[in-house]
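By written order: A, B, C and D. Residues from 1 in each chain.
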Amino acid sequence: MFRLSSVRARIYQLLEPTAWPHPGLSPVNRIISVVILAATATAVIESEPTIHSGREWAFSIAELLFTSIFILEYVVRLWVAGEDARYQGFLGRLRYAVTPAAIIDLLSVSPLLLTFLGTEAFLLRLFRLLRILRVARLGRFSRAFDAITTALHSRRYELIMSVGVAAMLLLVSSTVLYMIEGQAQPDTFGSIPRTMWWSIATLTTVGYGDVYPTTALGQFFAGVTAITGIGLIAMPTGILAAAFSDALQMQRTANSVERISSEDT
Amino acid sequence: MFRLSSVRARIYQLLEPTAWPHPGLSPVNRIISVVILAATATAVIESEPTIHSGREWAFSIAELLFTSIFILEYVVRLWVAGEDARYQGFLGRLRYAVTPAAIIDLLSVSPLLLTFLGTEAFLLRLFRLLRILRVARLGRFSRAFDAITTALHSRRYELIMSVGVAAMLLLVSSTVLYMIEGQAQPDTFGSIPRTMWWSIATLTTVGYGDVYPTTALGQFFAGVTAITGIGLIAMPTGILAAAFSDALQMQRTANSVERISSEDT
Amino acid sequence: MFRLSSVRARIYQLLEPTAWPHPGLSPVNRIISVVILAATATAVIESEPTIHSGREWAFSIAELLFTSIFILEYVVRLWVAGEDARYQGFLGRLRYAVTPAAIIDLLSVSPLLLTFLGTEAFLLRLFRLLRILRVARLGRFSRAFDAITTALHSRRYELIMSVGVAAMLLLVSSTVLYMIEGQAQPDTFGSIPRTMWWSIATLTTVGYGDVYPTTALGQFFAGVTAITGIGLIAMPTGILAAAFSDALQMQRTANSVERISSEDT
Amino acid sequence: MFRLSSVRARIYQLLEPTAWPHPGLSPVNRIISVVILAATATAVIESEPTIHSGREWAFSIAELLFTSIFILEYVVRLWVAGEDARYQGFLGRLRYAVTPAAIIDLLSVSPLLLTFLGTEAFLLRLFRLLRILRVARLGRFSRAFDAITTALHSRRYELIMSVGVAAMLLLVSSTVLYMIEGQAQPDTFGSIPRTMWWSIATLTTVGYGDVYPTTALGQFFAGVTAITGIGLIAMPTGILAAAFSDALQMQRTANSVERISSEDT
């Protein structure tokens, strides 16, 4: 006997990562992941004029194909959402439609619709990559993802403070170099905001080399800034290393406490 | 019944971060923080000629406004300082006026005064940003600030030693490159102090690219210097990571010791 | 009485690092290590035209010599492989010949053979360096090697995730800069793939300086990208630091648990 | 009663850091440290032609003065070395004279002597800075120095292995880029040794920008190299962070074990 509800339950399992009973991703979600990557890669390549020109029709077909798949997926997801007790009935579906995940799904469909309306929908097409986060929610990566976010979250104030210290260093070094080099190179060091371009390239140790001080005093303070920049890298790295180490330790301590408890009895 | 002393106590609570009974910053201190940021941003933007020229009056008004607020704040802070037992009476106020926090407050008022005297008070205006440290002393960031300063302080000798090692590497690499490249590029490698500009850009991995060795031997030693530079970044980062990790461990150990003690009884 | 089998056992000991009863490498493996390094160095130097031209015969002789040694070694290894129970008899030798180590050994012999056939065997010659991994398997470095691979392996999902985050940042920053700078510098920012060259140089803080944004908005987002790049360095560094720290901890805990156990009894 | 031996004992205390009974450095060693720094700074400044020319006599006098002090110090150290049981008598003094510390002291005196012989003694003059290591042996920095060297020593195999991995990456990336870019830019990518200059600048993230690939394929592999370079920085940093963390942990564990032991009894 054919039962629509059992079909829905089966599709729900295939589409919803948390409902998949086996380890890893379901075959359907694997295919969707590949389609998302392909759609993003196409959008990236399409921006290159030497590739795009003369092949406009091919990119249009690909776009149509990708969007069709995403529309189909969106509709099916909306239908099977009823398997979840929270999203049953018409009102439940509405509630589902305004979840962040569903909105991202909807936005990933919109580029083609917007193109018909003559609007530039370029950015939205890249936006699709965000959907990979949703599809790839499960599997062995979710624990790694949790570990990273936990570590980042537990040390958020220290990290924000590092950004604050970096901002102050940026301001101080820009001001000092502006005062020293402003006369010699007015185009690039002629104001604090202009000097910030040099300052940020030095503090992050990127050092493009399009702008650099030429006076002896300017070079001295540039050296001080560059050395300070090392500290700027060392600080968040040290904080993150400690946070990750701490997260590992917590797991280990929890395990060893259990082991000791069981040994005691 | 209107009581001046109770008004003073109330204002003291609003101005002094440590006296504020609620978590976070008081509304008054939040406003002052915003004013400090605005005053600093104005000073930064003012340095850009294309923005400044033709709007001198606007910047003058802004400066007058900011300074008026800071003068008012300074006078009020001096008045309410009497709430603190240490700063009561006229002598107490004098004692308050020479605390570092009060001197910073006074300096942040001085730019306008100095401008009237015809002196360039540019730097003092940026100096105001330091005041944010005072105002933002409380709140959830103070624990993060404590954690960072504790970590830095506990490892200060190792960090100073890293700077010493860096200074020696700078001297050695500058000397070696000066001897190798000095003949080929006398303008940039013609003396040890001149070579230091290249050396610091390489050791910090900034690498502007305005100066670089061109002889094969020079490039070989430049490569050695660049690799040494990685060690130069790794050392303080490793020390800081260990220090932060240590600080976390100490908190954890303190907690777990308490827990074990309570479990034993 | 001369016994071929005892000679084979002796040679096996000298050639197979795990069979060598003394600490460190056997004299034969030390010589082979030196030959591998010499063969690799010769291949590197040979690529330099100013050194190669006029000395073609010398490099040919060296190549012939190195390959002869490697052929001899390969044949001897094949012969003595019979000491291992798994590789006895003709079928056992075939099984040995398809192990990754034996294939690398065979490939390191092939450059000369391929040269006779008129094929460019340049890459294969450098491939020989891989053999050093096999020869140097034992000794004090094997523990260090184990520690590093254990640490990398235990945190592989976090590290892969870091690469994923890096890829997303690369995509986002390339897209943003392409949209901002694409008009001003079409040659270097005229498409997302083109902009990626700038983007990767900035995120890794290499900063060649051949390409950089020139508009104010472009420089602002370039600064944001550069700062994000620091996080990109800090994340894997922090993960690795925690993983190494964890590996050390585990050894230490194992030791201290043993010590505590023995103290208890 | 004047006793020469008690004078020698007193001078020994002042000169030998380990014999000084008070914390920190003795007044004499402080003065010597300053003289060493001054002598080094003079040698650095002297290399700058714009400072040196016209002031040759001043630098000659300074050199004479510094060397006189160092000769005096050397002779006195040789005399008072007898306070140490190992260095008593004439043979003991000879034994003292060949210790590394004494040889460094002697070398720091030699520049002037060599100058009289008409030899360029420039390098030897900078060599004096090494003496600071000897003088500054004691004080609070010695513990920090011990902590750093212990950490570096305990992880020496991992660090050497990092260098080995770096060398392999350098070879691989140089070979790949040489094969891709060799035709397009023969001057800078025309051989593996030439390409190494670019390769090392990229792997260390210095990125001078004097050399960079221009073909699309070359830029792709350059990007891969740059990302690998981040791993190259992360690895030793992680190892060092773990080593420093481990050293701290060991101290802490030692302390807590003592505390627990005393609580148990």
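The working rule: a contact is a pair of C-beta atoms (placed from the backbone, for glycine too) under 8 Å apart; a residue touches a chain by one contact, two chains touch by 3 or more.
In this text the structure is predicted, and so the values were computed from the model without any measurement.
Chemist: What's the chain with its C-alpha centre farthest out from chain B?
Modeler: C
Chemist: For the homomeric pair chain B and chain D, should the interface be classed as same or different, according to whether the shared residue numbers exceed half of all numbers used?
Modeler: different
Chemist: Just give me the whole-number Å value for how far the CA centre of chain B lies from that of chain D.
Modeler: 30
Chemist: Find the geometric centre of each of chain A and chain D from their Cα atoms only, then give the gap between the two centres in Å, rounded to an integer.
Modeler: Chain centroid spacing, chain A to chain D, equals 43 Å.
Chemist: For chain A, jot down the residues that touch at least 2 other chains.
Modeler: 201, 205-209, 233, 237-239, 241-243, 245, 249, in rising order.
Chemist: Taking the touch rule as given, give the residues of chain B at its contact with chain A in the complex, in rising order.
Modeler: Listed in rising order, the residues of chain B that touch chain A are 40, 43-45, 47-49, 122-123, 126, 129, 140-141, 143-145, 147-148, 151, 166, 196-197, 200-201, 204-210, 232-233, 236-237, 239-245, 247-249, 252, 256.
Chemist: Show which residues of chain C lie in contact with chain B when the two form their complex.
Modeler: Residues of chain C touching chain B: 205-209, 237-238, 241, 245.
Chemist: Which residues of chain A touch chain B in their complex?
Modeler: Going through chain A, the ones touching chain B are 157-158, 160-161, 168, 171-172, 174-175, 178-179, 190-194, 201-202, 205-209, 212, 219, 223, 226-227, 229-231, 233-235, 237-239, 241-243, 245-246, 249-250, 253.
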